[in-house]
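Two complexes are shown next, each including chain A; its partner changes from chain B in the first to chain C in the second.
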Partner chain A sequence: MSMTTAINVPIISGPRAYGRRYWVFAVPAAAVVLVVILFPWLFTLYMSVHDWKVTGDTPYVGLANYAKMLSDERFLYAVVRTLYFTAASVVAPLILGVWAAVCFASKFRLRGLARTLFVLPMMATPVAISLVWTMMFHPQLGVLNYLLTSVGLPPSTWVYDASTVIPTLVMVETWQWTPLVMLIVLGGIASLPTDPYEAAILDGASAWQMFRHITLPLVWPFIMVAAVIRLIDALKTFDTIYVITLGGPGTASETINILLYQTAFAYYDLGYGSAMVVVFFVLILLISLLLLRIRQREDLR
Partner chain B sequence: MNRHLARRFLGRLGLYVSVLLLVSPAVLFFLWMLSLSLKNELDNTAWPPVFIPNPPTLANFVDVFAKNDFLTYTINSVIVSFSATGLALLFGVPAAYGIAKTKATKAAALILIARVTPGLSYLIPLFLLFQYLGLIGTLAPLVITHLVITVPIVVWVMIGFFEGLPGELEEAALMDGATIWQAFVYVAMPLARPGITVAMILAFIFSWNNFIFGVVLAGRTTRTLPVAVYNVLTFEQISWGPLAAAALIVTAPVLLLTLLMQKEIVAGLTAGGVKGG
Partner chain C sequence: MIRRRQMLATTAAATLAMPAIVERANAQSTFDWKQFKGQSIEVNYQLSPRGDVAKANLKAFEELTGMKVGFEQIPEQQQRPKVAMEMATGHPSFDVVNVGMHVQKRLIERAKWMEDLRPFLADKSLTAPDYDFDDFSKPSMAVATAPDGKLNVIPLNQDLFIVFWNKELFAQKGLQAPPKTLDEMMTMAHQLTDASKGIYGFVGRGLKNANMTFWDDVLLKWDQETVTPDGKTLLTDTPAAIEAATWYQKIMRECAPPGVIGFNWNECQTTFMQGRAAIWWDGIGFSAPLLDPQKSKVVGKVGFAPDPAGKVRNCATFIDGIGIPATAKNKKQAWLFVQWVTGKTMMNEQLRSGSGTPARLSCYAQQDVLKGSAFPPEWFETTEVSLKMARSGLPVIVPVTEFRDTIGAAVTNLIAGADPATELKKATAVFQPVLDKSNEG
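== the complex of A and B ==
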């Protein structure tokens, strides 16, 4: 034994031989990932093919939970609602975020402070801001209806009516997450070369022309990254909807995530809830991959 | 020349108006939150609304701590977020170093998948696991589940930082006979300290803000602040003043951290598009 070690020492002392052992660094983190991420995935798959309530037997039911989803109107409506909420919650922050990024890319006084204030909504605790929004939406005493009526507009029902609840939640989501889009796109603008702009200024291009023909095409990849991130987050939105409406009025704002919570932790139908998790996860992956594909196609052009 | 100046002036004006329009929803929102928390109940339910508290009162804040076990919840939040952040640094920083050195992009993709997965989907199996282990009612399940948020943030931010470091210094240390562990601890880590700060702040903030894990896993005495604000106050007190005060208490540490460390936070967020949950 001691002979072999003695022989091996000079061989493994070079940096290249050490290179192979860097994976050891990742072992503790891998163990954590295994317990808190991988185990839940596998166990969710397992539960999704069982009739699993909190108490009693958990018989194997095959794909019955998945079949149930197809005829479950409440689930199907939740899917449609989620897609509607998500589409609006991607587009609005994206447009405003690009506008904000262009503004924050130019120099002006107090830019640092303005940018920090702009970023606050995404850092603030979602539950805290949701409670304040709820108070602001109050139909009789809320400050928002006061502001609307004081400029001559009719008051809104905000989250208290099925027809206005999702647009209102989209507004909260937009208020909260436009800063993230802004930061990603701002990072893109900061990495742009300055020569095209100098040439354009010499040619007498307007600010809009420069934005449309130089900035937009060059930062497009960053905008797509922001779109994918926004898409994933909008699909997963939970805290604000849960606190502000709990899926109501009725089920008018019940997205997949909220229904999932209710199924698993209010009705304790863990098997069906798990099947929903699997479908939800596949849906998220598919939509994100689709968007990434579109981006790749555009890169090819 | 005059036309050129006029155009420049209009451009500046447009910029300032844009910035004002973009920033005011955030500023007005937080000012209104502050206003609600500093007014008595009479002013809070007045119509037309009272905008500036006159005189401002701290009664709502006193109320929050006097009528509820808010101190316990604050301590819970501090324990959970500090533990989850500390553990994530302990596990995540070396992992990010290993991944950056071996250029293991597949491992990085796994982190991305963790970013894509809805937080709720971890909860059903983990809830059963913690029940089986008899941990429900302690803070352990919260610390463990918060790792789902903090570990990916730390790994993601740190991979970027370690990849950006020049490798020569570590190579030199290895040539001089240092082990890779020593090269990591004494050479790479000190150089990556700014990155560790960024990762720490972001992990802490998103752990502090987390609501969904606490809602499912916390018992009466193990609630973190966001859960407590939602569960206790919305049901036991419907008055706006204390509710706004409690909301402000919960989010104030995060807002202060953002204002003080804006450069680090912006750098971290821009790099990874990080978000918890």
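== the complex of A and C ==
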């Protein structure tokens, strides 16, 4: 009944009444947000102030879980590792992605095919490609060390050593997500006007000068968009690390995500795990806001 | 009036008693595998040869009972959290579940997640007369039973740590027999290592968490467990623990292939099957693929031997079981599956196919099982010797996974060159409060 009136009434009472009745259409979306985003969020907050184990009671402990984090060496290392991994997996795809975009913007034979091949890694399922990479990383039987040794280079330990594990994981991340950056930046380059370039060529500018002083400043907003997307994705990375190393060797590649998963679902300490999620969420929020702020300021300029 | 009322009451009482009478009649009738024909159950296994052998024979169960089985196998690192979460919600998606008792014994006891199986065993309409429950080994029953006598699971497998050795690589260095002591193993492993050819004397688990089963087995040679019998005090920084860790560090650093720090059993298995390692020390349950020509390059060259001796002679055993969640929907139907899979036929098949070493003792006495197997007599001798000297590996505490991660990370760090005493003392100090807290409530 209410639906019929909601639809019928505005037609009779004129255009202004529409606005007041539109909320009906937002209800399904709002309900979904409430159930699958807001409620879990509030419940996570609630759990984070309780000693929530899967067995027995769940007493209220106030901010004890948060205080524990400050003295938990494993957690603090995980934060540092998360930042290191994220920074590397944002910067590397950005540089390579911009470079690839500039290459793919120029005209050459079989460009369509080359572009398609280039974006393929992005289409693959992270878990599936992680399993393939894991096999390739095997120090004795993996194809990567076979290739290295067959060209006379020493074999690497890849993910089987604390010192090489994060760079190797960043390599996988870069391999998979450089195409995304490339696509965004390529779109930016395609939308650029051609006259600045014509003027530059008349003035005798080199290709590097044109890139540095025309392309880069003009596509900068696109690069920033790619950076924000990449940043949020890299911070959230779970599947690749979980499948390839499970945070190891030891805890050498254990990021906050992996640690909080282990805490909540392997140690069954849901309270502490929830507190980590809250801190992690705030961290993502702060970094994203910071980047958006930088972008806005540049837009104003 | 009174008569009529009495009569009514009698009729009512009789009507009420009817189902009970019918039930008793059923109880007295003989056991029938087909009693739940047409119904279905969900079964959840850890990914392992035990799951594989059950899955391969599911059709036999479906024909026997006329029931349908939904079968799911998940790698143990994902299966344990999934099962725990579903149990905690009280609505598990499965009626039968495979539990690694060496990890979750105390947890399931404390949380009361499992159905007591004793009533099913006692009910003649539900349990076949030839089930022979007394056939299970004592250590396995001790693990399956809670301190209050509740039977949480039926033992499915009693995995034993043994030594796999490559006879061809041994012969190349003039060695004939497998190592009998820890010292002998260390010397042989050095002798057998030839890094320039990519051949290593030894391979074993280095990966955090996974390495704890292996290191614990080494520690047992010093006649020491990881926790005091009351489950309250860690023994992971004692002089014996440090000596065991030093032994582990030496063999893993000097005789194992590079990257062993990240090896779980499957990487070790692959390395051994490719003929790249001369000795592999791990669970007997991983034997079958070594004899499969499709997967292994060492078929016909594999030797099996019991654990080497240290101060004492023993080997670690890890028991897993199969049971029914207390909140399962189809418990009686589930019991038929549990009974079938732990029955003599399936346990014999598990042993014959090399998928595991059952806790049922009668399996080992059957000559036809032994003869019908692809495994050499040496394998059965190793099993027999090991079963007799088996000691429970991993501590019986609630936070086993966190124990394995924390102490395991320290042991992993040793392969990278850290000092055993420092690492173990630090990890023990970190984990002791966690253990204390788990004992509080």
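Throughout what follows, the second predicted complex is superposed on the first by the 275 of 301 C-alpha atoms of A that agree within 3 Å, B and C clash if a C-alpha of one lies under 4 Å from a C-alpha of the other, contacts with A are read in each partner's own complex, and residues count from 1 in each chain.
As a working rule, a contact is a pair of C-beta atoms (placed from the backbone, for glycine too) under 8 Å apart; a residue touches a chain by one contact, two chains touch by 3 or more.
Keep in mind that what you see is a predicted model, and the values were worked out from it rather than measured.
Trainee: Using the superposition on chain A described above, determine whether A:Ala114 touches chain B (first), chain C (second), both, or neither.
Mentor: In the superposition, A:Ala114 touches chain B alone.
Trainee: Applying the touch criterion given at the start, work out whether A:Asp233 contacts chain B, chain C, both or neither, answering first, second, both or neither.
Mentor: first
Trainee: Would you check which partner chain A:Thr55 touches, where first means chain B only, second means chain C only, and both and neither mean what they say?
Mentor: Second partner only, chain C.
Trainee: Regarding the shared-chain residue A:Leu131, is it in contact with chain B (first), chain C (second), both, or neither?
Mentor: First partner only, chain B.
Trainee: For A:Pro196, select first, second, both or neither according to whether it touches chain B, chain C, the two together, or no partner.
Mentor: So A:Pro196 meets neither chain B nor chain C here.
Trainee: Regarding the shared-chain residue A:Phe265, is it in contact with chain B (first), chain C (second), both, or neither?
Mentor: Both partners.
Trainee: Looking at chain A, does chain B or chain C touch a larger number of its residues?
Mentor: Ranking chain B and chain C by residues of chain A touched puts B first.
Trainee: Touching A:Pro167 in the superposition: chain B (first), chain C (second), both, neither?
Mentor: Neither partner.
Trainee: For chain A, which residues lie in the overlap of the chain B contacts and the chain C contacts?
Mentor: 140-141, 265
Trainee: For chain A, which residues count as touching chain C in their complex?
Mentor: 54-57, 73, 138-141, 155, 157-162, 245-251, 262, 265-268
Trainee: Considering the complex alone, what residue numbers of chain B touch chain A?
Mentor: Against chain A, chain B makes touches at 11-12, 15-16, 18-19, 22-23, 25-27, 29-30, 32-33, 36, 45, 47-49, 87, 90-92, 94-95, 97-99, 101-102, 104, 107, 110, 114-129, 144-145, 147-148, 151, 155, 171, 174-175, 177, 179-180, 184, 205, 208-209, 211-212, 215-216, 225-227, 229-230, 234, 240, 243-244, 247-248, 250-251, 254-255, 257-259, 262, 265-266, 269-271, 273, 275, 277.
Trainee: Residue numbers of chain A touching chain B in their complex, please.
Mentor: Listed in rising order, the residues are 13, 15, 18-19, 21-26, 28-30, 32-33, 35-37, 39-41, 43-44, 47, 96, 99-100, 103-104, 106, 108, 112, 114-129, 131-132, 135-136, 140-141, 143, 146, 150, 175, 180, 183-184, 186-187, 207, 225-226, 229, 232-233, 235-236, 238-239, 242-243, 257, 260-261, 264-265, 270, 273-274, 277, 280-281, 284-285, 288.
Trainee: Show which residues of chain C lie in contact with chain A when the two form their complex.
Mentor: Contacts found on chain C: 77, 80-81, 84-85, 87-88, 107, 110-111, 198, 206-208, 257-263, 267, 270-271, 274, 276, 398-399, 401-402, 405, 409, 412-413, 415-416, 430, 441.
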